[in-house]
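Labels A, B, C and D are assigned to the chains in the order they are written; within every chain, residues are numbered from 1.
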Amino acid sequence: MTVRVGVIGAGWIGQDHIRRLTDTVAGAEVTAVTDIDSARAAESAARAGARVCADGAGLIAADDVDAVLVTSWGPTHAEHVLNAIAAGKPVFCEKPLATTVEDCLRIIEAESAYGRRLVQVGFMRRYDAGYRQMKQVIDSGRVGEPLVVHCAHRNPTVPESYISEMAALDSAVHEIDVLRWLLDDEIVSTQVVVGRSTSRRFAYLKDPQIMLFETAKGVRIDLEMFVNCQYGYDIQCEIVAEEGLVRLPDPASVAVRTAGRHSTEILQAWVGRFTDAFDTEFREWIASVEAGTEPTGPSAWDGYAATVISNATVEALTSGRIVDTGMKPRPAFYSGGAVAVDVQPAA
Amino acid sequence: MTVRVGVIGAGWIGQDHIRRLTDTVAGAEVTAVTDIDSARAAESAARAGARVCADGAGLIAADDVDAVLVTSWGPTHAEHVLNAIAAGKPVFCEKPLATTVEDCLRIIEAESAYGRRLVQVGFMRRYDAGYRQMKQVIDSGRVGEPLVVHCAHRNPTVPESYISEMAALDSAVHEIDVLRWLLDDEIVSTQVVVGRSTSRRFAYLKDPQIMLFETAKGVRIDLEMFVNCQYGYDIQCEIVAEEGLVRLPDPASVAVRTAGRHSTEILQAWVGRFTDAFDTEFREWIASVEAGTEPTGPSAWDGYAATVISNATVEALTSGRIVDTGMKPRPAFYSGGAVAVDVQPAA
Amino acid sequence: MTVRVGVIGAGWIGQDHIRRLTDTVAGAEVTAVTDIDSARAAESAARAGARVCADGAGLIAADDVDAVLVTSWGPTHAEHVLNAIAAGKPVFCEKPLATTVEDCLRIIEAESAYGRRLVQVGFMRRYDAGYRQMKQVIDSGRVGEPLVVHCAHRNPTVPESYISEMAALDSAVHEIDVLRWLLDDEIVSTQVVVGRSTSRRFAYLKDPQIMLFETAKGVRIDLEMFVNCQYGYDIQCEIVAEEGLVRLPDPASVAVRTAGRHSTEILQAWVGRFTDAFDTEFREWIASVEAGTEPTGPSAWDGYAATVISNATVEALTSGRIVDTGMKPRPAFYSGGAVAVDVQPAA
Amino acid sequence: MTVRVGVIGAGWIGQDHIRRLTDTVAGAEVTAVTDIDSARAAESAARAGARVCADGAGLIAADDVDAVLVTSWGPTHAEHVLNAIAAGKPVFCEKPLATTVEDCLRIIEAESAYGRRLVQVGFMRRYDAGYRQMKQVIDSGRVGEPLVVHCAHRNPTVPESYISEMAALDSAVHEIDVLRWLLDDEIVSTQVVVGRSTSRRFAYLKDPQIMLFETAKGVRIDLEMFVNCQYGYDIQCEIVAEEGLVRLPDPASVAVRTAGRHSTEILQAWVGRFTDAFDTEFREWIASVEAGTEPTGPSAWDGYAATVISNATVEALTSGRIVDTGMKPRPAFYSGGAVAVDVQPAA
């Protein structure tokens, strides 16, 4: 049986996922596409052999749509996800789940009321082979309990539209999700340390930023966010535990020796870095839809957590203070997920 | 349009490819399966939602078979490939193309007479990301003209059925193909040096063997074949050229520090090492079938070369002498392929 | 001409340096030894072919002592260094220069009054080949201006006598010195973040500690101090700059592949890690004494800075606050040294 | 007690060793120097505070010479070494021990007649930390019995005076010695395979050359000698054994990430690569002289073996044939050395 997917939002990432579902992921086809720009919708639909829908609500309701993919503009996510839940259809929502904490909570409430999980949020790092190996090592107990995590997230450059808050909201949100999952722990406070900024940036941007997170279990995380590092796209993660450490590998690359240097190539964009993760993410999602089981990827609760924690990190950046994330305690409905630590309600 | 594949041979590798075409490669489906063991054929067909054919000839002729995959016992390959050519259907043949040089030449003759390429041979290393990066470096001229190549091909163990000749015929044949492609050159002589064998082997097996190849351009290749190395499955390749060298990377793997060691994991089987290469190989083959174009992978000529060179290497092992491979000059029909160097006829 | 060295303090490190000056460093001999434990002094002196002096003052005054090495208990350092300055003799003082800021300042005052540098402080990392390469890269401008530094300082275990304050005073003091030198910059504030401590420690010890330093130029440094990491002695340092980064290498070590792992050994003690650095440190110091020139190593000012900054870090640990180091502006007398940035007087 | 060394030959390597004995190795001084060029002798002697001797014989006989260092032109080595043996003085002879097998045998005979070892030959790789770690791993049995060895010896360029025979005589001789020592085994046959030569060489030079050695125990060694590799000085060695392998490390070097590349530096000359090995070699030799014990480094027998095997390799290069080295069986006098395998007399 082929899973028929309706896609809301045919921008850059939407088109990439349409191509993925059409050409790369077996067992799926895109049957309907909608976009605020109808020409763009028509073009994407034509390439995929799909039809165009006038709007998201119609697409979600359509008989030839088994599952919904939301890749529209962030502020519209909540409405589409809620509609999909109302229709009882599985929905994959690119991050963020919603741009406000309130909308995240509405989704959680709706999904809980529906009684089974329908929502998966698009945090693809959990599907990266390196992170998965890290999780295996941590979960195996080989290195003991995690104590400290060092991360770096570096982009070669960002466009003029990228402002300081986006380091947390758009970029670090990936680390926030994958660290909660790796550590099976919750982030309870956040701090941002800003020093000298690089001269290779637009003047209004604070870059690099050092983010400091603390988890419920007391793990200390430092994350260097540096989005104009010039030299490449570079993701580093090291978990230091009681008996040892585990470190994310660099992508495999041929070594070249010439002119006095031994060197390997560094990727220049996140696309190449996480292509396989995206493929696996969609393959597993399509498999869960086809099987009629709950999705195993990031849940609406994880989407809520990412929004809460990244918003708190923006507040930390703005205020210069250490900010409690103030996450609510996790409802039992989401207890089967990856993060098992319940956080006490914020005072 | 979905490419409908008929599979001849439902042994271990056949089943793996059936699963690949069904679950992993978009745009393909397995519609027919045959095997000398009818129960095994039935089981594999059922899993893929395909029907069983009584024999290869019937499967090739069937209307619901657009393309043929040959994964049966090596000595039967030639017959099926020739039937597919006769039927004008694209055929993917797992290595070897044929077990005798004469059969390889019959296939080449038949395909040439047909007038366009229909045959692709299953040498998957050309699809491995690391080897592809190596080829890019070589072809870019960054390190100059190749002069020497060092390879190692190590398996943890082999079963009792593995005899000394299989080091060339079954194992080194992958290096023979990928080196011809990497170097865009032809192997003209071969020698096997055997020293002390490991005590961790069946007594009749010469292991390790050092194979020494010379190419038409004068490149010298040494290849350590060690199929009972105990520690893991390990493929090494380094091309030394006039201005530098390029080396195949190890698969990316998390680094762990514990108990006084910094370590990464070594794979234990070729399956995991080349899974992505297999997927890419079939994705590109299915795409060429769907597009109605000639396959871009290893040709029947490459299959002939692999058989000629691996047979010569067995002779070198047996005789202790340096053996000319005696390859025929490449016909113009195959001139568009990866290997552009024409070899003079053996005297 | 052989430099005749008098050694004050024949404990573990003193004995190691006596052996070094006797067996490893050409052009030096130990002629006199004193220690609070006269038997220990006698034994060390005998091994080096030196005589025993009753006390430091006598040793410093002796005619057969060209230069003084102070390796006694920390609180006694200041007195011996001041005596050496009074005698106009070069003095190498193991860290710390003095245990109080006031004593450091008295030494600076005395040395300045004397009119030329006589004092070198024993921070050996500046002599490590890896750190020296890092400095060359930074100074060359190849990676641009430094922005962020990540460090880790890990010991397998520490004895029961090691208390939380020693992470700054005894251990991190090495990073404090080498970072000031690498960055040619001054540390102006310090913070200590403490999360979950490892269960493999004595209960009163906070371990690991994350130290956060800020420099006068705005560079942000994070330093993981983890002195019971179990797995080995491991020193990491990475400087992230505007155009790239440079990372301290791990010590060269043979790679072994066996039983499914590719691994290298991790050292278990700082002795082996910095043996070459100690040798070079003393070779260069002896050369400066022999040449009659000022020492080129860490100065009394560097010793003062290390004490000020490590004391401030202890205050940060105790208070939980960000603490200004309150370093005085650097006098012109020390302007020729490695650290060129003058810090404004603390308010 | 300081060991007084007389140096015969003040060329480039002689001067380097004079500086080493004077400045770097404790417990030694150079007291006498002779050279065929008396001005050069005078200059070197002056720098070391030594006197000039008219010739080697006089230097060896001198009362103020405890031990002799021979760094003169190769063909003169035998005479000086024989004189030193006659005088009963320890002698360190740079490689080769002698340029003819006959002279090597005369030295062995003379030393055996003297009744204790006086001769050490200057093969410094045994003192390199990486090779020593390799030997520890092999001797520990962790990876089992050696079966295959892969080596590469690459220089960036060689001068016009370098001819094809020197690849064996001057360059590969280091691998010949260190492999005999690492494997505790004897090389019994040698072959040279020459393919395409690099265009970056003088026209008469065969470069690269692949040397193939077989040992008495049946270990197979391939050694790529490439002395115009352009990119750097690069020494590789990997021993493949029954349970795993061990690989020589590259020298530690800072990693730099910039402009899309992660890179480390490759050395450009053997001097930097083996400086520490030279220092250790002389430190241990001086210690043995001072202690009055037999030297523990490469013996006259090792010097004989190196000459026999490198000469046979030249014959293999010239003839294109596999050449038996024809080493004599090792006398009991040299049985305490590193190489324990006795070779049967050549037929």
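Following the convention adopted for this analysis, contacts are C-beta pairs under 8 Å (C-beta built on N, C-alpha and C of every residue); 3 or more make two chains touch, one makes a residue touch a chain.
Because the structure is predicted, anything quoted here is derived from the model rather than measured.
Novice: Out of curiosity, which chains are bumping into both subunit B and subunit C?
Specialist: A, D
Novice: Counting only C-alpha atoms to place each centre, which chain is farthest from subunit A?
Specialist: D
Novice: Hey, how far is the Cα centre of subunit A from the one of subunit B, in Å?
Specialist: 39
Novice: State, to the nearest whole Å, the distance from the C-alpha centre of subunit B to the C-alpha centre of subunit D.
Specialist: Centre-to-centre distance between subunit B and subunit D: 44 Å.
Novice: How many angstrom lie between the centres of subunit A and subunit D, each centre taken as the mean Cα position?
Specialist: Chain centroid spacing, subunit A to subunit D, equals 58 Å.
Novice: Out of subunit D, which residues touch more than one other chain, so two or more?
Specialist: Residues 230-231, 243-245, 250, 257-259, 264-265 of subunit D each touch two or more of the other chains.
Novice: Under the stated contact criterion, what part of subunit B meets subunit C in this complex?
Specialist: Result: residues 230-232, 234, 250, 257-266, 268 of subunit B touch subunit C.
Novice: Where on subunit B does subunit A make contact in their complex?
Specialist: 22-28, 129-130, 133-134, 137, 142-143, 243-259, 264-265, 276, 283
Novice: Name, in rising order, each residue of subunit D that touches subunit B in their complex.
Specialist: Its residues touching subunit B are 145, 147-148, 150, 152, 193-200, 208, 210, 212, 214-215, 217-220, 222, 224, 226, 229-231, 240, 242-245.
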